[in-house]
Amino acid sequence: MKTPLLKLTGINKSFGPIDVLHDISLDVHAGEVLCLLGDNGAGKSTLIKILSGVHKPSSGLMELDNKPVSFEGPSEASEQGIATVHQFGGTFPLMSIGRSFFVGAEPTRRWGPFTIYDRARANGIAVKEMRELGITRIDDGDRLVGGLSGGERQALAIARAVHFGAKLLILDEPTAALGVKEAAHVLRIVLQARQKGIAVVFITHNVIHALTVGDHFAVLIRGAKAADFRKGEKSREEITDLMAGGEQMAELEAEIESYMVTGEGHPEPAKHAH
Amino acid sequence: MKTPLLKLTGINKSFGPIDVLHDISLDVHAGEVLCLLGDNGAGKSTLIKILSGVHKPSSGLMELDNKPVSFEGPSEASEQGIATVHQFGGTFPLMSIGRSFFVGAEPTRRWGPFTIYDRARANGIAVKEMRELGITRIDDGDRLVGGLSGGERQALAIARAVHFGAKLLILDEPTAALGVKEAAHVLRIVLQARQKGIAVVFITHNVIHALTVGDHFAVLIRGAKAADFRKGEKSREEITDLMAGGEQMAELEAEIESYMVTGEGHPEPAKHAH
Amino acid sequence: DGAKIFVIGGKADDPFWSKVKKGADDAGQLVSAQGGSVTWLGPQNYDNLGPDAADLIRTALSQNPSAIVGPDWVPEAMDEAFKAVVDAKVPLIIYNAGGMEAAKTLGAMNYIGSDEYESGVAGGENFAKNGSKNVLCINSLPGAANTEARCKGLADGIAKHGGKASQLPLPSTSFGNPTAVAEAIKAALLKDETVDGVITISAGDGNSAANAVMQAGTVDKVKLGTFDMDETGLQRIKDGTQLFAIDQQPYLQGFLAVSLLNSYVNFGLDLPTKPVLTGPGIVDASNVEATLNGVAAGAR
Amino acid sequence: MGSLVRRPEIGSLIGLIVVFAFFSVFGGMNFLSAGGFASWLNVAAGLGIVALPVGLLMIAGHLDLSVGSVIPASSMTIAIVSGYYQAPILVGIAAALCLGMAVGFINGLVVVRTKVPSFVVTLATLFAVAGLTLGLSVILAGNTSVALKGGPVAKALLGQFVGGKFQVTIFWWIGAVLIVGLLLNFSRYGNWIFAMGGDSVSARNAGIPTERLTISLFVGSGLCSAFVGLSQALLYNSAQVAAGQSFIFNSIIAVVIGGVLLTGGYGSVVGIVLGTMTFAIVNQGIFYTGFDANWASLIIGVLLLVAVLMNNTFRNMALMYSPRSKKGAGK
Amino acid sequence: MGSLVRRPEIGSLIGLIVVFAFFSVFGGMNFLSAGGFASWLNVAAGLGIVALPVGLLMIAGHLDLSVGSVIPASSMTIAIVSGYYQAPILVGIAAALCLGMAVGFINGLVVVRTKVPSFVVTLATLFAVAGLTLGLSVILAGNTSVALKGGPVAKALLGQFVGGKFQVTIFWWIGAVLIVGLLLNFSRYGNWIFAMGGDSVSARNAGIPTERLTISLFVGSGLCSAFVGLSQALLYNSAQVAAGQSFIFNSIIAVVIGGVLLTGGYGSVVGIVLGTMTFAIVNQGIFYTGFDANWASLIIGVLLLVAVLMNNTFRNMALMYSPRSKKGAGK
């Protein structure tokens, strides 16, 4: 097996007295999608904030390409080719689409003695990359981000990360606000990135999305790694139970189905309500 | 058929020059769940903002219990028993869970000559209602909302609406940020509300969630109502295509599956990647 | 122990009051040499001059003072506090504002100084003497008791000789911005061509006024005066581009008040001269040379 | 246990203790005497009555700069009505209070209707009211300062020194603190104010009458400013027109030192009170130290920074502190 | 087509036109003469040089109150160094500018390190620098006002009236506008400033060196304030200790009238320039009208409100306007 692109060993993280992550060890390989699964509050976002340099781990070792690293801030992580879409934010409502796309990595051109921001190029690239994600309604890179719908904004953040994710692309619930078509585009993009040899960390609460893109799965329960397996090693039901924090979902689902029966006839009762 | 609780006839809405909703007519019945589906930017949130009094329609008629209504603001709608969870916001990061839960409808008790805010009761109810949604880790209603995870906040907003939704409960992508367990709890709660005779408007991008709770489906495409059907009248594939804005998803899905094949073996290829 | 003397005065960064303070501090060196102390209490601003000063008097009184000096700027607001000082048998000298009148009614030992109003009158008379008929009094701090008194006195002084003076109150947005003050004065000069005299309530504003007169092209017609003075202004008097500056000899007000109280507390000495007048004096081309040295030392 | 230490106001309290200790050391017994206490309590009372509603506004996400001209305007109103025109003192008081509420109402109405930031709106009324005060005073009373003699009852209630040292406004301040404290912590309005400052769109969506609430808060701030103005006129038997910018800054400073977020959504009455006292002590304590007055501003600046730093550090520590050590992640 | 009308600055421009028209009618020929133009341009220049960096800071989500004491501190520095001690004028200029940058650096560092809101930090430095200026001036020069005679070169570059009317600072202002305009619209730093003001956490996550950027912006504002201070000293041949507190408010006002959001994230250089000019015209135009100067503040207040209302209305209209009528929903 090749050496992992990113290797975590015994990572712990606490905020003041609150321990959020326990002794997490994890490998991320180039050309593979790692699905990070877990209940609300399990610590997924906290873990990827450590990968992307937002937080520093309280203890533990992080190795990139076999060399120990410690990021002083997000800019160091992005210099190493790690691009992240965080769960919230990441776009700036009062900025134009082009500017928001390139924030922190602006394209420039020479203008006489000056190096100036290349607005036309920024807008062009931003619009093109959004289109790649199936957002075809946006043709003007000067529009303000604030005027976009929730899903459109999410797509912008993802497009940005895909554009800059040289080595490792981290997506924290990227499909949460997206419509079925846009979500499918994101899954496609993730698989394309994988094909290009980029490592992807993908967080989702949607089992189908996870099963569609994941090569490798890690499940967090209450801040500890509860399971770590490869595609095909566990059934969908087992994965669902793990995502629910290790609890049996069968009972809850039975209850839901009992309510559903009160409705007047329905097609093919879905096995898992997630 | 009974008269609808809420009836929209020919609703239009435009923001300045931008037309967002076209001639929408819709019935919402007590004791039924109406699933509002549609692509990103289709106008779903705008439509429910009209129902909840946030926006006024540019034209069209809205009838509640057979009487024409026009809400001057959200407070009038909530006085009529309409409770809404909007897509973003709705909780206040720097307020306690109990206060945030009861904002605008504070429980009070007598204290000598004064009527004072009943903190203990507010906290108690808030924590209990969160627990109903499967959020069992929260036991202190004095904790600040800002310290909750994304899903926990979403659950708080939903718990609040469920508590106050006397007649009509509107949920805009309530399960977007939730884990599988919490999402299942929300679905259960929706079905429970339906059983109690409450009307529910439910927006989601998740076909399975829609099929689980919906009695009635309305699909918006580019601001116009493209389809309006009851449970069982359309197949899951047809619904998925409608949710994608009327486009054929088959091609995109085939592309995704072609990428997936490059992975090393995977279980039961999911038919629809949504 | 020596005398513990409290001096109530204006803002420490006010050019006029910094000279009073210098006088008090210089006299204070002797006081400290004799084991006493001098403490300066001044308001942060002149927004609320009477009440703030009354509070300062009470603050001084709460520290077991041997003696207090203070100006009676707003008698209605401050007299109650001064009476408390006298009731507590603390020797009191009124200075700078109020006059012997106030000192008598309050039961103070003496009055030292000129008076804002009297200074204004002297300025008005001096304008009249030099042929000005229509004078503008530039008030960059309108509404404050001390600056209003200056402009009021000026108007009364010139009126005695048949001229007239009007006040140009500047909005608070201009305070402390010399350009805004200069441009306002220039505009007023352009608007009313009969104006043939300008006086400012402070030496700093005087520099702006000189500039305004220059910009308006009225150097020959408009005569310039200031309350108080600084080196730049005196240089103009020397060069002939400014007519005069009104001098109250603020240094002496602080110096004499502290010295007298110190001698009284330590040795029971008292002056029969009542009141002790330090001004108003007029500095013009005739006596500017002698004044310049004192100004350079921060005493005038 | 721990619930006291956990309160975020602990930060403001420690800031207050630091400056108090500083001046106790350098100001000596005089600072600690009744007169010394009166000296900063009197200042704190006037400032505090204004800082309370300004703090509420700030929690609700607004600012009110117009207090700086409402105070002198109200002073002049009572002085002109009851001093110059000799109307009964009650009429003067009513006129001054109405003036304050009217200015507040206009502020609130314009902010709500036009959506112009309250900073700009109240700045405009600051100038407008200052201009009106100056212009009308000169026209009506022919003077920029007017004397006022209150009757014995008015004096006793509003313009008296208790024990020759303590202004009665201190008691009014205590009353105001109780009312505002009740309002913020124990009434639904308190909830509304926090919600509005936290996210005004969500607050409106939650059914809070944000417009009415905003207007009420501005009226409250106008009322309190007018009260301070008229009580000063009664206390000092006179009123003067002046462009008072100091109250504007000072009230904002007091509120911010008290831990209220400038951006709204967070703050407490206890914090505002502690902030007001801290600021008053820093400002007045300096007179007890014997330091050269030339350095007063420097010392004030440094102490302000120290107080706020203490405040921030301890508030963060308090927010981090959790009553029982929570082992087990995800919590 | 339409791209000009769509620019949000159209609002500020119309606000400016309204007040200009007002004073053209009431101020008559004097206001429209070269002297009349100079009158407000001179004021706008000094204010504008400070308003630019203050505006950048505001877009980035910060405030700087310390300009109010950096200006007199820098005036005093050059006057003491080159006036009192007779050092070459270049040394004085350098000393004054260094002082400004040092204060800015301290502001930035403290804001970045302690996370205390910049309002409080710069308030503390406002007091501290004012105190230091007073204390040191009295110790060093024994005076609170010091005369300064600049040499011919220094005078020509910094303290001259072109044509006897126009201050050279106007040209420095134009230069500053060009530089800041370039910075904000055509450099990556502009992007960073907007992003930081919009959402500083996301900006940091996006790899922007927010700390360095914040410090640089404060240094810039210190530098510009110092420049204004020293040019005033050269222009008026003297320097006073008394604080230029009006600059604090005035710079914020100018920036806000120019459409910059007080909460950060939005604004433009053109807007700041238009706001500065509007404010200067309102302030100085009044002296060209025949109105009684007692009403100056009232008129300033009303015109400010009118200008901002115009501004808001037209900005919203401009943002609503879309070049081609977009039929078809969802767009």
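When the chains are written out, they are named A, B, C, D and E in that same order, and each has its own residue count from 1.
In this text, a contact is a pair of C-beta atoms (placed from the backbone, for glycine too) under 8 Å apart; a residue touches a chain by one contact, two chains touch by 3 or more.
Quantities reported herein were computed from a predicted structural model and do not represent experimental measurements.
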Chain of greatest Cα-centre distance to subunit D: A
Centroid comparison with subunit B (C-alpha atoms), farthest chain: C
Chain pair that, of all pairs, has the most C-beta pairs in contact: A-B
Computed distance of Cα centres, subunit D from subunit B, in Å: 43
Whole-Å separation of chain centres (CA-atom averages), subunit D against subunit E: 29
Length of the line joining the C-alpha centres of subunit B and subunit C, rounded to whole Å: 72
Sequence positions of subunit C contacting 2 or more other chains: 12, 142, 169, 171-173, 175
Residues of subunit E engaged with two or more neighbouring chains: 130, 134, 138, 245, 249, 261, 294, 296-297, 300, 330-331
Residues of subunit A whose C-beta touches two or more other chains: 39, 41-42, 137
Footprint of subunit A on subunit E - complex, ascending: 182, 185-188, 190-192, 194-195, 198-199, 201-209, 261, 265-266, 330-331
For the subunit C and subunit E complex, residues of the former touching the latter: 11-15, 18, 22, 142, 167-180, 182-184, 186-188, 190-191, 203-204, 207-208, 211, 214-217, 230-232, 235, 295-298
Touching residues (chain side subunit A, partner subunit B) in the complex: 38-42, 45, 87-88, 135, 137, 148-152, 155, 173, 176-185, 187-188, 191-192, 194-195, 205-209, 211-213, 215, 231-232, 235-236, 240, 243-245, 247, 249, 252-253, 255-256, 259-260, 262-268, 270, 272-274
Subunit E residues within the subunit D interface of the complex: 110, 114-117, 119-121, 123-132, 134-135, 138, 245, 249, 252-253, 256-257, 261-263, 292, 294-302, 304-305, 308-309, 312
In the complex with subunit E, residue positions of subunit A that touch it: 52, 54, 73-75, 77-79, 84, 86, 89-95, 99-100, 102-106, 108, 111, 114-117, 137
